[in-house]
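Lettered A, B, C, D and E in written order, each chain numbered from 1.
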């Protein structure tokens, strides 16, 4: 391995590690939090982490397609948020509840 | 453009029917439209050249370039009559369902037209994927027809029908995809065109199930066999028929079952000649079992419609038999029998529908002595019964005779067993006829609160074309066979090395316009 | 490394300067607004403190600073206090991206025994390639301020006001964004400086292979995008929560909207934030549609020539005077639009909330889409059918 | 420390801290605000990677619209501190955390392996991408990825209709009574 | 006149009659319908005569008028045209059919006068004639088959003419289905012959038939002809498929006369004669035919002795007489078979019509125990019936004598014959004489047992004229085929017209090297006639003089008598062994194979899916976070795999 100045030489790995950290945080949130809204936010966080990876790869491989992917991810995330929130609002209006454990009517 | 027109015109009709503002004149409109379609199909007949086995009116455009999937339509002697049968039966069915369909008339006619498109597409598509699309598409309108306008146990019947047919076609899809990969390997370019499939030399090893061609053969054959239906796969048919509304039964028996047999003729036999040859015994065996079994079970049915449904199983067994003996008698007979069955069984279902409209029962034991009450109805029923049991000079005889003849040439013992179907056919039909029409007046007629009225002009108008065809086809079969002769000869003679020439490629095809 | 620190320092200074400028502009604007409204309403307005009442604001400031700083019982402390501070940030950062004049080119010169320069000093906070996107993004963050304030106050009026305001901002952001797509397509860039430079000289464009020149009109975006201008201008009103779109603080319904609970210095910060938005809006309109810092009828090169011939001799001097001229030109236009904002506020009545939403979604958005498509078609035709 | 390095470390610190607070904050509104913060810092990171346009869009769409929606919803619900913010159950909790830790390691390792497939790993190949990639982005988007773009358009339309339908089911602001 | 036009008129005239009467089946009254139909047949008869006249004018070796109207089925080697041929064999048939047909139609006008569906009846009858003509004129097996099935169809319609009676409808069905069994075999026979010889044309087949008789049982000629013969047993009511014919008496009596006595039932014989060369080539088949024919003759006659229904007696008599024809054909005496066919047509039609007249007079009563001494009420019927009786029991010089005697002679002397066949024939003749005399005695002679409310009367002229004509024919019909032994003692030595007529077109086993003395011929003749006369006398004695004796004999015979009077329980046997088990088997197939096996299998598959689903669904706890964890675990697994690789 060439001598690396981990502090100053910001390379792809830095971004990847950062994105992995954010991703796992988001995942942790999805697993641990009970508030549906927070879970959705954590999913957004995970998406963002992935976006970061895309951008980083795009930059370091010199291909613009990574950014396109991010663009798509964002659009879908926005759509997802819109629909998800609409559903949650509808549910909340009826049940006054956002705890995920409350919504287990679809169990097999 | 003619074939595109004929395939997709009904979609337009369906749309028109859906959007038509006046409910009252809807049926007239639908009838008119279906007649237009029929006339268009007659244009094909007029311009069709019987002298060549080549595809005619070919339309070929690339659809999905990457997979070589094409918009590929064409007609030859094998599909010609099936197309015309389809376009012919639709107006008949519309006229026949004039009063029996009371709810959601709009939707019904739209479904009928869509079904027509699907069926025509199945007969005319020459690209595997395209074909498959139509094949599956045909399920949907039928599903609704049985499911919405059907009898009491319609949901059970529809689901059974749907799942049975779906099950088979999925395997076919797998096989089609695999064939497409084979084209890529064999021809260098992925293609779903039937003509390219024909060029493939698929390895075949006799005596094992695991040879490639055998597997593909069975994947295709299963899909078609369920549709036909061949003996152990037939149980959806009686249920579907009993629960289907009259027009549904007519179309189901008249055309949809032919999609299976047509599939054998167009796809299975030429695509997998060695496997078809090697496994012909199985198909013949199942065909023969179907003939006898269907007839026997039909004999003891208490329900007229179920009886006719089982008789379909028997008749379709004949067609299987004819196709898998690989000689021109058998194949011609098979093809002819497809038309016969479409006409006579269709007519039987129409007749049963007519009487059902009057008495609301199909139980044989409740009838009796109808001949004295409804003489005209009886005459028509009798003629169609004769056609169904293949009395000479009716259409049924020509088909059955040719099939049995061909079978005997190839496999005498199968013919010997199959011939018993002739006896049993007469037995179950005539026994039914006796119980329904002869004897004392039955419970239904005695208890009817108003006297049953005989057929009216509309109903006679429905039946007369069918009866005319029954005799026409029985008396002058060459009018029909001549169109298919070249194609069948071509299929029989070049089975192992089959290809369908395109119009330009025919080596000896003087295009004499008829 | 040294260069980096230098750049960062310069940019930091510019940020602070612009921030201070904006903060200082607020008292003047408030005065203008109060005097102007008095003028419009046929009364006098503040006129006691200082000449023409100019010192009134100073007095107000003293008053604000001396007010009691209190926290409502149900308020969320963190949000209640951060919100006003946060109100300043987006406005200021966004404004930094707007070019204010031609860059000041400093030739190399010797000072304190070292050679300095040459250096180009841009007359804008920072030049960003994707300027419009940046500004839109940053200004959209303003919604948080309102929400934080509204919810943090622990007051129903505040919350409702905040929800209304933020919903309004989000809704009009669409129309806003779409209305300038035409502009972006027209200039082919996101960069504001490039946009400004594209508007220099008399009106001229090529249409289907023909070069069209109209000498008596400046080459401003207004003439190419009249519909875009109207839509954009209207949307900025909504974005900055000013009349006729100030539903957030509809006194009759909501007391004072999200800043009901605020008073004193915190209130002042919201004021500043609001005026900052107004200034961004005015700046953007100027930049997009009215040639930015350009002097109508003259290109920067012509002015530089003029200055070199008549007013200065050294390159640095020429550059400086040119920049100042453009700066002045910019501020004239800028002030005009600020006045327009104020004028509108005192002229038009307030919308109802559903009218507001209908206007945003059902009128402006479709028209903005139409404008986009029309522009695209015209550009396509203009370039491709020679 | 170079300025680039400083910016990276600073922004990642902000991102990680605010990301953690998204997960950890008991009050969902703080979570949401923290998430907005994460978004902004990520946008800045995008900018450092030369994706200015994406960075701007990130701020507009995510921070400016999506998160605002979240915040609005949270505030509408008026959710305060949650006593049961986290799932209980030591076994499953431990399992989850262990899994996540393992997953994090795996992700990093897999990515590190994946890096090998890049042409020049860990070296910024500035020549390949223009400093301002917006134009290139547009060209690629509207040529190579036009189908995806159109599909997204359809998706958005569907979402718009669906959301309106959902919102109107119980009468929204415009409901006619 | 143009042959094809004549042929067309010959064929189409009955068909047109059918169409007219069929289309106006509710409107045409009995007279109109009847005379229309009769005229149609009469026109055919005239055409037949014209055609036959032309035929006579041709040289003996090439007497053949062939007309082909259009191609019917043309595929590959199979080329079947709608081709019709009049040659000496079919000439006899068309004359009989149209001639006897005309008479029977005429008779029907009177007989069916009061029936409601009379137009329908005549329509069917005309259709039958049309089909019968196709049968006999067709130039190929397939064309013949058209008529073959067509006549079966008409027979079905006419037997079930009074369909409101369940039993009559059932009888029609029985006839059709039994015929169908034969038809199936007929089809197979066609296939076998076509496969071997590549043609279905009679003349081609006869030409191609092997000249050396086939010894093997599995040769094409043997198998093919055997199958065709099974077809013939169906149509011509031979063992084992004769059971339908007695039941077929359910139809109107003229129908029995026309279809079930004179014409249709002889189709089998006709077919064998048509394919004479082919049958000759298959001596094994001929042996079977002869045996079956003889057995049928004896068995049917024995049943006939015990029957009480006038028509049933005649029906068994018909079966028996048909047995004689097959016996003749079986020993290679095709010409004689045709001869007997013709004479039988005359006298049996006569007897059926006579019985019809009786039934008519007795108001639909058919039981001969309720008749007796009808002689005085219906003299014409009695006289004509009397001649028929003489003819059938073989009394010289009536028609039956010549033909039956010739059959017996051939059975003895033909290379294919056997003394046992002769013996069976004689036994049959004896029994025939007995039961016919019994019928005569019980019906016309002796004491009247007529119920009081019934007043028998002579039938109208419309019915008696046909009786008279047929009675004359029964007397003189036999003189066409006087064998040379008799002819040698007759003045002028009348020639055997029939033999000359048919000889050139038949290939019969050569009699070269076989010499039988004329003495023997006389002796055999004497034996059979004598025995028959004796038997007739005994019957007369029993039933007229001492009516108690038969009962005693019947009682003393006990079970044997009961077995015979129950028709050897053949129907019961068929029902018990074949039909009922078949239906039970079918029901089992339906209930068990379809419902239990096939459907259950599919349900089983569905249940498997269901079961699998219900196992797997426990994983669906509804806790979304658990699902997310599963996803995570899956991710871990996949990534680990990627790393491990």
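Assume a residue touches a chain if its C-beta (ideal position, glycine included) is under 8 Å from a C-beta of that chain, and two chains touch if they have at least 3 such contacts.
Quick caveat: nothing in here was measured; it's all calculated off a predicted structure.
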Chains shared as neighbours by subunit C and subunit E? D
Count how many hops through touching chains it takes, at the least, to reach subunit C starting from subunit B. 3
Farthest chain from subunit A, going by the mean of C-alpha atoms per chain? E
Reference subunit D; chain at largest CA-centroid distance: E
Chain pair with more C-beta contacts, A-D versus A-E: A-D
Which chain, with its centre taken as the mean C-alpha position, is closest to the global C-alpha centre? B
Measuring from the mean C-alpha position of subunit C to the mean C-alpha position of subunit D, what distance in angstrom results? 28
Here the gap between subunit B and subunit E, centre to centre from mean Cα coordinates and rounded to Å, is 38
Just how far, in Å, is the C-alpha centre of subunit D from the one of subunit B? 58
Subunit D and subunit E: spacing of chain centres that average the CA atoms, whole Å: 94
Going through subunit A residue by residue, note those that touch at least 2 other chains and give them in order. 27, 31-32, 101
For subunit E, jot down the residues that touch at least 2 other chains. 625, 629, 632
Okay, what are all the chain pairs that touch? A-D, A-E, B-E, C-D, D-E
Where on subunit A does subunit D make contact in their complex? 7-18, 20-29, 31-35, 37-38, 40-42, 44-45, 48, 51-53, 55-65, 67-68, 70-72, 74-79, 81-83, 85-90, 92-94, 98-99, 101
Quick one: in the complex, what on subunit D touches subunit C? 2-3, 29, 33, 36, 40, 43, 52-53, 55-60, 63-65, 68-69, 71-72, 75-76, 78, 131-132, 134, 173-174
Considering the complex alone, what residue numbers of subunit E touch subunit B? 25-26, 70-76, 78, 142, 145-146, 148-150, 153, 156, 160, 163-166, 169-170, 172-173, 176-177, 180-181, 183-185, 187-188, 190-192, 194-195, 582-583, 585-587, 589-590, 593-594, 598-599, 602
Going by the contact rule set out above, which residues of subunit B touch subunit E in the complex? 160, 164, 232, 234-235, 238, 293, 296-297, 299-301, 327-329, 332, 369, 371-372, 375, 386, 391-393, 397-398, 401-402, 404-405, 408-409, 412, 415-416, 419-420, 422-423, 426-427, 430-431, 433-434, 437-441, 475-478, 481, 485
Residues on subunit D engaged by subunit E in the complex (per definition of touch): 87, 92, 95-96, 99-100, 102-103, 106-107, 109-110, 113
